[in-house]
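Each of the next two complexes has chain A plus one more chain, namely chain B in the first and chain C in the second.
For the complex of A and B:
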C-alpha cells in the first residue's frame, strides 16, 4: 500500500511575515511588500520578548535567524525593519488555508499554524498527476489567499516534510523513495527533521555528518548514543515513516508554561507567586484534556541567559494545581541560589496519563477529592465567566498576573495547536 | 499603480440570491470636495480572501468629470465597509 499513497506537505513561506505583508498590501493598501525588503516580525523589546519570530528572504540572506534577539539581528542587518505580530490575523489566515486545503483534498492533517499534510492519493482523475495537483494547489493559494507556500510531495509524511524544506519560496519539490539517495542523503544531518543542535553534536561525535551516513549507520549504535530517538532518526533517514493522516490532534504528552518577565525576579516570594500562576495555567490545560501528570519540572533562565532545570517525580499522578505548585516550589528552592536575577521561569508537567488511579494513603496531608472538586469548580467558573472571574487572593496585591504563561487571549486559539474551524469561515 | 484604499459611501443592491451589486458611490477628495460616481458597468466581480480576510472585489467602469475610468472597489465582509481600492485607468 505504501507505494500508492501520495502525501503532500504544505508549508507557508515565512508565515507570520507573509501574512502581515499580504495584510498591509491588500487591506491597508500599502505599496511596499515586506517580503521584498529585509524585514522581520519581532516581539516587543520593552517587555523583553524581543526575538525574531519570522524573517523575509532578504533578511535571511543577511544571516538573520528565527529566534535570535532583535539587537543581534539588527547588528547583522542595520536597515532591518521590525513589525509587530498580529496573532488574530494569523489565526484567520491559517484557518482559511485549511479550509482551502480541505476543499481540494479529502484528508487534511494540520501540523501547526502554518503547516499541514494533505493526502492526495486517488485524486489523479480529479487533478491529474500529483505534481500537477501540487502546482495547482500552490498557485491557487498564492492567487486567492495572497501568500506563497512550499509543497513537498512523497509517499509518507516525513519525506514530504523534508521535501518541502528543500528550496524556498513558492516551489514544489518531490522526494519519492527512489530519489532518496540523490536528493536526501548528500544533505548535512542538521537538515533532517527532528535533528536539533544537541542531536547534531552527538551525531557529529559518532562521525555522522550527512543524512546518507545516518541512513547507513548501525541502528543499534544510534540507539546506544541517542536512545529511542536514534532509531527514529535512522528510520527517517531511510525514508520510513507514517503515511496515514489523522484529522484529530493527539493528546499532549506534556504541559508546560513559561513566562519571561518584564523585570528580573530577585526574591523568593515573587518567584513562588509566578510559579503558582504558571501552575494554574498548565494544570488547567491538563484538566481540560482530562489528563494527569506525575513528573513536575521547573526551568529557570537567569538574566545572563544561563539555563537551569530540574524535574521531580510526584508520588502519584495529579492534576491538582496546589499539588503541582507545592512540588514546583520544592524544586525551585533547591534549584535557585536565592540571588541570581531571573528573567524567565517555567513549569512543566510530563508523564501524563488519561486514567489516573489514586493510591489511597494512610497519612494523607490533603484531602485530594476536595482539592479536585475545588479545581473543577474553578475551571467551570472560569470557562463560563472568563478567566479573570476568579483568582487566588494572593494575587490581589501582587504584580504577577493570576494566570501566567502561554499565549495571551487572542493568541491562544490556533497558534500552537490547530483550532476547530469556525463555521462562519467556510468557503461559500 | 498606487492603491488609494479610500473608504467610500455606497449605494448598492442586494439581490435575492445573495449577490451584491454596487450602484453609486461617493468619495471625498484631498480638497474635501464630494464626488458622486454612478457605476455604468461591472466588468468583473469575485470573492477575495487575501491573508484570510474575506471580501468581494469589483472592477467597475464609470464616468468621472467626463472621463471614463475603471475602478477597483472592495467590500470587506467582516467590517461591512466599501473601499475604493484603486483607480486602474
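For the complex of A and C:
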C-alpha cells in the first residue's frame, strides 16, 4: 500500500433535504431555507412510505432520526415540516457535484448518490497541503452549488469515509494513520463503517464495545463470530483499506428491486403481477449492463413487519425477464402461505456474470433465443419511445405498474424531469 | 419390548435404515427408527414419507413390543457401543433402556403408535432384477438426474418395464443417460422412481448374486432384497418422450474414438482452470475434433489457460463444440471402458458418448453443448 496517497471522501450533508432546500431557494425563489427549520424529506404516509429520508440540523437537534416513521418524528417535533422526495432533482444535483469534483481532482469514484472519493495525491503544487485543498473544495461546493459537504481526509478510502462522518455539517476532518488511536479507537463500535445493529450486538457479546477493542481483538475470533465480515471489520478498525480509486463504476454484484404497496397484497395473482413488474425492471437493468445472473431471490414483508426470504439457483445464468420471473414465482409460491397480507415484495438476482454462455437443453419448451429476441426488441422500443411505450397486457387491468423499481430508474435513464407516478404506488 | 442382540447385528440394521430417517422436523416422529420385536424377528424401520426402509433380522426376543427411538441419536449410540451383547428394553411408552456389559443408557423415545404404517406391497407389476446389472445401471444413469426440485419428474429415474427388459432413463435437460437391464416378471409400465431410492438400494445391494424383487402400482413401488424392504413414492407427472431427442443415425457428422482415461485427466486439468467461470455453474471446455486429434482448451481471464492435444480416431467433419467439463467427466467415469466413442451432430446440438465394451452396449449418454457468445 502506498502510504503517500491522499484520499478525500466527500459526503453531502443531509443530501436530499439540502438539495430540495437549494432548489426551493434558487429555482422557486422562496426565501425560507429548509435547512434552518425543523424539516424532513419523507415519503407519503398514505402510500406507506412514511419514513424520514433526510432531516435538517434543527430537526436532528430535536431527536428526529433518519429511517424512523413520520408519526414518530412528529411526536418529537410537532411543528415538523415534511417535504416529498424528488429523485430526478437529486440525480441532477448529484451529477453537478461529480462534475465539479472532476474539475478539481484527477480521479473521482462515486460511491452513492451523495458520496464520492477523490484522489488528491500529488495535487500539493496545485492546491497546497491536503487540508487546505479540502477546505477549498468544500467551500467551492458550498458557494457554487449552494449545499454543504463534509470532507474526510486520509490515506485510504475507509479511513477517509470514517473521518467524513465525525461531526457535521460543513466540516473537514482528517484521520491519518497516526491519528487512529486518538480519534478512531475511543468511539463505540456502532460508529464503525459497516457495523449495523446485528454486528453491534455480536461484538458486544464478545465484550467489544469500542473500535479500539475491535482493532485489538483476535481476528480469528472475529471470523468465528461474524465470518468474513469479522475480518473485514478488524481490518477497517486497524486502518487498513483500499487506496486505489476506480473511475469505472464497479460491476454490480447483483440486481434487486422492491416495492412497498399502498394496500396489502392478499392474493397470488396480484403478487405475481408485482413480481413480474419487479423482474421486468431488474432484468432490463441487467441487459443494459450485459450481465446475466444465476441466483434468483424473493423477499417478502408481511403487514406485521415480519420478513421472509429465500433464493434459488437457476440452472444457468439468465437475463431473460420471463425466466427470472418464473423462478421468482416458484420461490414466492413456496415462501408465502397464501394468507398473510404482504406490504412489500422484492426480487434479487445475484451471482452475475458477463460471460454470455448458454447450456443447450432438451425438452424445455420455451426457446431462449425467442425470449432473448423479445427482450431485446422490448428494450429497444422502450429506449426509443420511453419506458411506458410498451407494457405487458396482463397489466392492462392491474393496479400494479408495468415496471416497478427504485431509485435506479432515474439513474438508469438519466431522467431529469419529475417522474410521473401512479398515485396508488410510489418508489420505495 | 425386551430383546438381546449382538452389537454388529444391531449396527447393520440401524445403518441400513438410517438414511431414510427424515431430516425435516415437520413430523417429529419421522426422525425416529421404529424397532418392532415380533414372532422371533426384529424389524427396524424408518421413513421420510418419500421413501421407507425396513430391515428384518433375527434376535433373542424376551418380550414382544415396539419402540420408536430417535434415529440419528440411536445410530450414533450404536456405532459407539462396545462389541458385545446388547439388551434393549422399553421402559413405559417413551423410554428405551440400552444395557451393555455392566453399563446402561436410557433414551427418550417417540410414541411408537404415531409412527406411520407401511402400505402393503401390491400392484400389477411384479418381477425380479439381478443385482449386478442393476447396481451398474443405477450408477450409470443416476448421474444425469436433476437435483433441482423445480421440475420434480427430472429428480427421478424413469423405469420402463416391457417384456424382459427394464430401461432406465434420467435427464436434467442438459444431458440424458439411458441403459437397459434384465427383468423377469409381468406387467408393462413406466414409473418415475426418485433417484435417491434407487441409489439407496444400489448402496445396500452388496451381494451381486442376489435378485431384487419389485412390486409396483401407480403410486408406490416396493423393492425387496433379502431381509431389506424399500417402499418408494412414485413421482407423479409426465416424463417427456426421451426417444424423440435421441438423434437419428444419419444426423451424426463426426465420430471419434478416444482413450477414456487420457480424456478424463485432460478434462480434470482443464477444470482447474475453467471452474467457477460463472460462479460454480461454468466449467466450460472447448473441444475441437480435427484430423486424428482431439484438441481441448479452456481460458478464463485471471485463472489461466490450458491447451491439450489428444490422439483420437476421428471420422467426419472438423467440429468445435463447448461443453461443461463436469458433464463429460461424470459420464466418462461411469462408463469406465478403456475407449469411448463420442459422436456429434453439431456444435450446438446433441452429442452421444458410449462405451466400446460389450458390457456397455446398451448404455448411452447424451450431452448438450454450451453455446458461447450468443
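Here is the rule we go by: the second predicted complex is superposed on the first by the 400 of 428 C-alpha atoms of A that agree within 3 Å, B and C clash if a C-alpha of one lies under 4 Å from a C-alpha of the other, contacts with A are read in each partner's own complex, and residues count from 1 in each chain.
Simple rule for what comes next: a contact is a pair of C-beta atoms (placed from the backbone, for glycine too) under 8 Å apart; a residue touches a chain by one contact, two chains touch by 3 or more.
This structure is a prediction, so every number in the text was calculated from the model and none was measured.
Chemist: Touch check for A:154: first (chain B), second (chain C), both, or neither?
Modeler: Once the two structures are laid over each other on A, A:154 reaches no partner at all.
Chemist: Return first, second, both or neither, reflecting whether A:28 touches chain B, chain C, both chains, or no partner chain.
Modeler: A:28: touches chain B, not chain C.
Chemist: Figure out whether A:174 sits in contact with chain B (first) or chain C (second), or with both, or with neither.
Modeler: neither
Chemist: Let me test your reading of the model: by the given contact rule, A:257 touches which partner, first (chain B), second (chain C), both or neither?
Modeler: The answer is neither, since A:257 touches no partner chain.
Chemist: Could you tell me if A:144 is touching chain B, chain C, both of them or neither one (first, second, both, neither)?
Modeler: first
Chemist: Contacts for A:95 in the overlay, against chain B (first) and chain C (second): which applies, first, second, both or neither?
Modeler: first
Chemist: For the complex, give me every residue of chain C touching chain A.
Modeler: So the residues of chain C touching chain A come out as 148, 150, 171-174, 176, 240, 245, 277-282, 284, 322, 324, 348-350, 366, 368-374.
Chemist: Report the residues of chain A in contact with chain B in the complex, numbered from low to high.
Modeler: Residue positions touching the partner: 19, 22-23, 25-31, 89, 92-97, 100, 144-147, 425.
Chemist: Applying the document's contact rule, which stretches of chain B touch chain A when the two form their complex?
Modeler: It comes out as residues 2-5, 48-54, 76, 83, 85-86.
Chemist: Of all residues in chain A, which touch chain C in the complex?
Modeler: Touch list, chain A to chain C: 294, 312-313, 315-317, 327, 330, 351, 353, 355-364, 369, 372.
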